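I have a structure I would like to understand better, so I am pasting it below and will then ask my questions one at a time.
Each chain gets a letter, A, B, C, D and E, in the order it is written, and its residues are counted from 1.
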Amino acid sequence: MTANNIIELKNIDVTFHNGDQTVKAVQAVDLTIEKGDIYGIIGYSGAGKSTLVRVINLLQTPTNGTVTVNGQQLQQLAPAALRQARQKISMIFQHFNLMKSRTVLGNVEYPLLSQKISQAARQQKALQLLKLVGLADYAQTYPARLSGGQKQRVAIARALASDPEVLISDEATSALDPKTTKSILALLKKLNQDLGLTIVLITHEMQVIKSICHNVAVMDAGQIVERGRVAQVFTAPQAPLTVDFVETSTNVKAAIERITNTIDLAGLAANQELMYFNFIGNATKEGIISQYSQQYQLDVNILFANIDQIDGENVGYMIAIITGDLAAFNPAIAKRVADGVKTKIITTENGLEGLA
Amino acid sequence: MTANNIIELKNIDVTFHNGDQTVKAVQAVDLTIEKGDIYGIIGYSGAGKSTLVRVINLLQTPTNGTVTVNGQQLQQLAPAALRQARQKISMIFQHFNLMKSRTVLGNVEYPLLSQKISQAARQQKALQLLKLVGLADYAQTYPARLSGGQKQRVAIARALASDPEVLISDEATSALDPKTTKSILALLKKLNQDLGLTIVLITHEMQVIKSICHNVAVMDAGQIVERGRVAQVFTAPQAPLTVDFVETSTNVKAAIERITNTIDLAGLAANQELMYFNFIGNATKEGIISQYSQQYQLDVNILFANIDQIDGENVGYMIAIITGDLAAFNPAIAKRVADGVKTKIITTENGLEGLA
Amino acid sequence: MAALIPNVISMKSEFIQATLETLYMTFGSAIIAAVLGLALGVWLVVTQPGGILADRVTYSILDKLTNLLRSVPFIILLAVISPLTNFLVGTTVGTTASLVPLIFGIFPFYARQVQNALLDVDHGVVEAAESMGSSPSEIIFRVYLKEGLPDIIRVSIVTVISLIGLTTMAGAIGSGGLGDIAISIGYARFENDITLVATLIILILVFAVQIIGDWLAKKVEHN
Amino acid sequence: MAALIPNVISMKSEFIQATLETLYMTFGSAIIAAVLGLALGVWLVVTQPGGILADRVTYSILDKLTNLLRSVPFIILLAVISPLTNFLVGTTVGTTASLVPLIFGIFPFYARQVQNALLDVDHGVVEAAESMGSSPSEIIFRVYLKEGLPDIIRVSIVTVISLIGLTTMAGAIGSGGLGDIAISIGYARFENDITLVATLIILILVFAVQIIGDWLAKKVEHN
Amino acid sequence: GLSSSHNASASHTDTITIGSQGSDYDIWQHIAKSADAKKLGLKITVKQITDGVQLNKATAQGSVDVNAFQSWSYYEAYNQENPKSKLASLGTTYLEPMGIYSKKYKSVKAIPDGATIAIANNPSQAARGLLLLQKAGLITLKKNFGSLGTVKDIKSNPKHLKFKEIDDTTGPRIIKNVDAVLISNTVALEGHLHVLTDSIFHEKVDQSTKDNINILATAAKNKNKASYKKLIKLYHRADIQKYIKDKYYGTKIEVNKPNSYFKN
């Protein structure tokens, strides 16, 4: 391993035995995460994401494989050393796992109880974290009296209390409204930038991946089927599952379905075409639409567009009806594939498969 | 009430007493939902959404106000009649509430146990629902051995088993990946269209609201601060909270922040301007960009775009750098406000507040 | 063998009979006490504040009744309910007669244990059943007793073992059984080997109850 | 009054003393049995399969030891541990001497109850503590005993009431107390008013334990 | 002699703990409060200990100075079984006859074939009861029948009697539920039964029942303690005896014999 890899999972298998059935929840997974990274994990429900991240701090003992965190192979540590190591790896659980006998403040204070820190300092730190997650008013409330999202935020605050080096978050924003999600993500990003906190983050919200992750792994049936820089995975997805996710998350698929269902394709004029554009990187910088509109006297009616930046790169999806000199336009735009522009004429093919 | 209103909440208050503190979780809420509607409820974490929907089937007795479902005022019903009424109102809980002593199949069969239906028919029905949520293979598994998303899908299947007239869903897709979410939403939409199922749906995913809801209510601090047709609320949000949600969900806010942070506004040429466009309804149909590009010889470099349909209406948000004859372009586009086009020059004002 | 347990050898048939008596007393009273205790325990849970049939007055009466029955020392209970015993089994002495005080001695205890066990059934699940329109009896049988089953089995183990202990005191009314042998023959007559062997047989019974109970609890638990 | 409870009137001071003896026996043994029972119960929970210090051998030994102690009839227990009693308190009879068999009679029972109570502590929460690097002792004190406290209080109520019942049997070694009065004076001599009044005082004790326990459990429960 | 002991008490008082049970407990409580005790310079505290084995052990070990509950035969059996913690008899107190009681039958002869007889499950009472049944002609016992004998030691049982072993104090309560019950006098008195008038058969006071005489016992090493020996004297004082006679309707027949009385 290089000194920079804070997490190294090698050839991890996790097999569950349900009576006579066996479930291979994780199969032959290698995962290396650099210090300071924000690493997203996505995948279908039941793919093995939670099981995999639970291996990182050995809450789940793998059936096979080695777990190295911070240069220590966890399986070889004595119990006390493992506990020491775990104090640097915080976890936000999918089901929160708050202690119902402690107040919100008490829950956040918990990881600090075994640290050499005065009670006043401990309380102050916990309160400050509660402020950050917007729950300062609830310090003395017990978890049973919180809403779902409030519980989740307490779990987030608790995970941050021990100044971890690694934060494992299992859908930590799934119960939060968009605004609160955004503020939590901003908090995590800040901790990542200021303190070098490494974050491993399971999520179902592609927006979360896009907005804070640098790398992402895609899991399917216990295996990682694709991984890499977020921009790369989102712009050039390879595995069918990834393609599916990206399209679902950009709403492209839904839009094509809707448009082909509502627009009478046969009814388009001869000089009209329904087209799907996909721009990556610099392609957008130059304003293709306006450029070609002028050059070929085209009318471009955008029915759907999703143009945004992912991890610093521009990525765009657009569906439009083009009216005008198509005979010239089509070959012209085809030339720009090298710049990252892909097109597809939907009018004739009525689908997207070919492009993916 | 009109015969068409399946749910009528009148002047509902819910006050919790935590020792000496009182929490007004719901305050003076009126809510009328028509039969066959899909009604979304959004709001900050802790706004009172879960509490409000629990009032609909009287799981939460309101401190004040009347609850009428299907023409029956629930608070006046005898226990047996209330149970009868409840059998027609299914609920998917935020925390699933599955029975750990029953298999997945057993959980889905539960609501059918008290119906006059043979065991074989009951099992078949439950199995079919499990197939619909993608868990047919897990029929004999116990909930403790399921992933978060799998549990949630069991809860969905269970809620549908009793052929309810009303389905109350408290973040039923929050633990699901985008693909599974889509298929669940398609299922709900189908039940709504085919059987007239009325759905009340709390969600944090604006995409869910956009893709299946007809109406939406926005809650803040126990009150409904805005409500109406989804397209209307999303295109012309009134309450600051709604504006916030819409912009967060369309990513407009994040995009503006990012763009104003990364582009050197002062460095733009004299004939360049960073502009924000907002189209609603027919405005998009006519391809403004290409039209004006041609007419005023403009170059439009789209940095961000989100153009889509909400509940049948086109809605678009776009941020672009316009290069060219701005002196002519600006007044021209200003004339189109009536068509639903709003613009804002970001270069000078560097913000969005005015537009909202 | 004969040297080690001189008195036991000559009492083989008594030991067999005593074992049967203990089994009969334990399981005879356990079955009826289980029904009464479950009924009372469930009734306590559903009527207590926040329960599905919350009823302050009923709960308060049941709660006090349970404590009342638990307050009477067993020997006194033997005497107090002897008219009832006589009415039910036609006599107040003997193994069968001991069933009645044993039942009354153990079922209020069991009811409390059941109550404690059912309190741990997830309230969310009870609520889910309510939301599906389940009637109180459906909630009791399909939720409380089913979801609480592993805990009910565990408290039943504790209870049956306590009941075995209680049978050793029923010697006062001629119940016979291993406890009686251990105490009034082995102990009182200084025949230590008899005490030892009787206690060992009780021990085996206790272990059997624990092992079978643990196995059952594990079987019905799906965590 | 004198007509209703003729024998009680003349025994006022005996009643006061017996009440004090019962209180002394109950709470004296309860305190020590609580420590032993909690320790054993916790030890059972943490060493059992899946526990935080899972250890098949230790668990199996503790489990069997607990059952062993629970299998010995109380009267026999009195005799068996009398050397220990003599060693600890210098005598084998009297109120203080009765503390020793009472402790041994009740603590294995309490340990089982504690074990059952702690089994209901949410495993996810224990896991969360493990993930935060808590040591076994921290998990025991900060998670198990804290999260399980309402249930521990509930089983403690059941146990103390059972213990009060057990004190009524300690008359065999001259413990005195209300049970002894009820049985060897009231019951044996057909002085029913004495039995009644002694039982009533026990009842009041039982009620007090239940009410205080319920109140405490409610206070520490945050559902 | 009395006046000298009176003088002695003026200078010092001996404190004696007596362990007892049942009517003996009552008697000794009365004695403890009596003027006679004070005169003899004895400060007596009485403890109720209902388990005879524990009471004897506590006496042998010294937690209890003297006990007053057992018959000579039980005392002998105890000593035989517990050679390491032997007791010594200080002297005799009384004899009370055990009786056969029945609500159904007026005489022993009327007891039918297959009748159920309740006998005590504690050893001394059980053995004594069986001897009484033999005396009544209902059964015969094995030759070597001892003071801890049980129903197993019955040689012949022509009436096929069935035996129910019960706690002896339960006797008066179950009298209606069995055909006959053997009850010791202490228990009978407490159940308001008078052995001389209510029983259908009872022990006679003669050589054959001498082993049933009650004694005061103490640890072997204390057998010569003067203050303990005074207890026997105290018990047999006239006003104490009058009290006992009145209270127990003359069913506790005073016996004041030396230990040698039992030797043959």
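FYI, a residue touches a chain if its C-beta (ideal position, glycine included) is under 8 Å from a C-beta of that chain, and two chains touch if they have at least 3 such contacts.
Here the structure is a predicted model, which means the values were calculated and not measured.
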Q) How would you label the chain C and chain D contact, same or different, if same means the shared numbers make up over half of all numbers there? A) same
Q: Provide the C-alpha centroid distance between chain A and chain B, rounded to the nearest whole angstrom.
A: 21
Q.
Between chain B and chain D, what distance separates the C-alpha centroids? Give it in angstrom.
A. 56
Q) Using the average of all C-alpha atoms in each chain as its centre, how far is it in Å between chain C and chain D? A) 18
**Q.** Interface hub residues of chain E, defined as touching at least two other chains
**A.** 53, 169
Q. Counting only residues that touch at least 2 other chains, which ones in chain B make the list?
A. 95, 145
Q: Indicate the residues of chain C shared as contacts by at least two other chains.
A: 79, 183, 187, 223
Q: Using the contact rule from the top, write out all pairs of chains that touch.
A: A-B, A-D, B-C, C-D, C-E, D-E
Q.
Help me check something: in the complex, which residues belonging to chain D touch chain A?
A. 122, 124-125, 127-135, 138, 142-143, 146-147, 149-150, 220, 222-223
(Q) Show me the residue ranges of chain C that touch chain E in the complex, using the header's touch definition. (A) 10-11, 14, 78-79, 82, 86, 91-94, 97, 171-174, 176, 180, 183-185, 187-190
Q: Could you please specify the touching residues of chain E with respect to chain D in the complex?
A: 19, 21-22, 25, 47-51, 53-55, 57-58, 61, 63-64, 169, 172, 187, 190-192
Q) Considering the complex alone, what residue numbers of chain B touch chain A? A) 16, 18, 23, 42-47, 49-51, 94-95, 141, 145-150, 152-153, 170-171, 174-182, 204-207, 211, 244-245, 248-249, 251, 254-255, 258, 284-287, 289-291, 293-294, 297-309, 314, 316, 318, 320-321, 323
Q: Would you mind writing out the residues of chain B in touch with chain C in their complex?
A: 57, 59, 80, 83-87, 89-91, 93, 95, 97-102, 110-111, 113-114, 142-145, 162
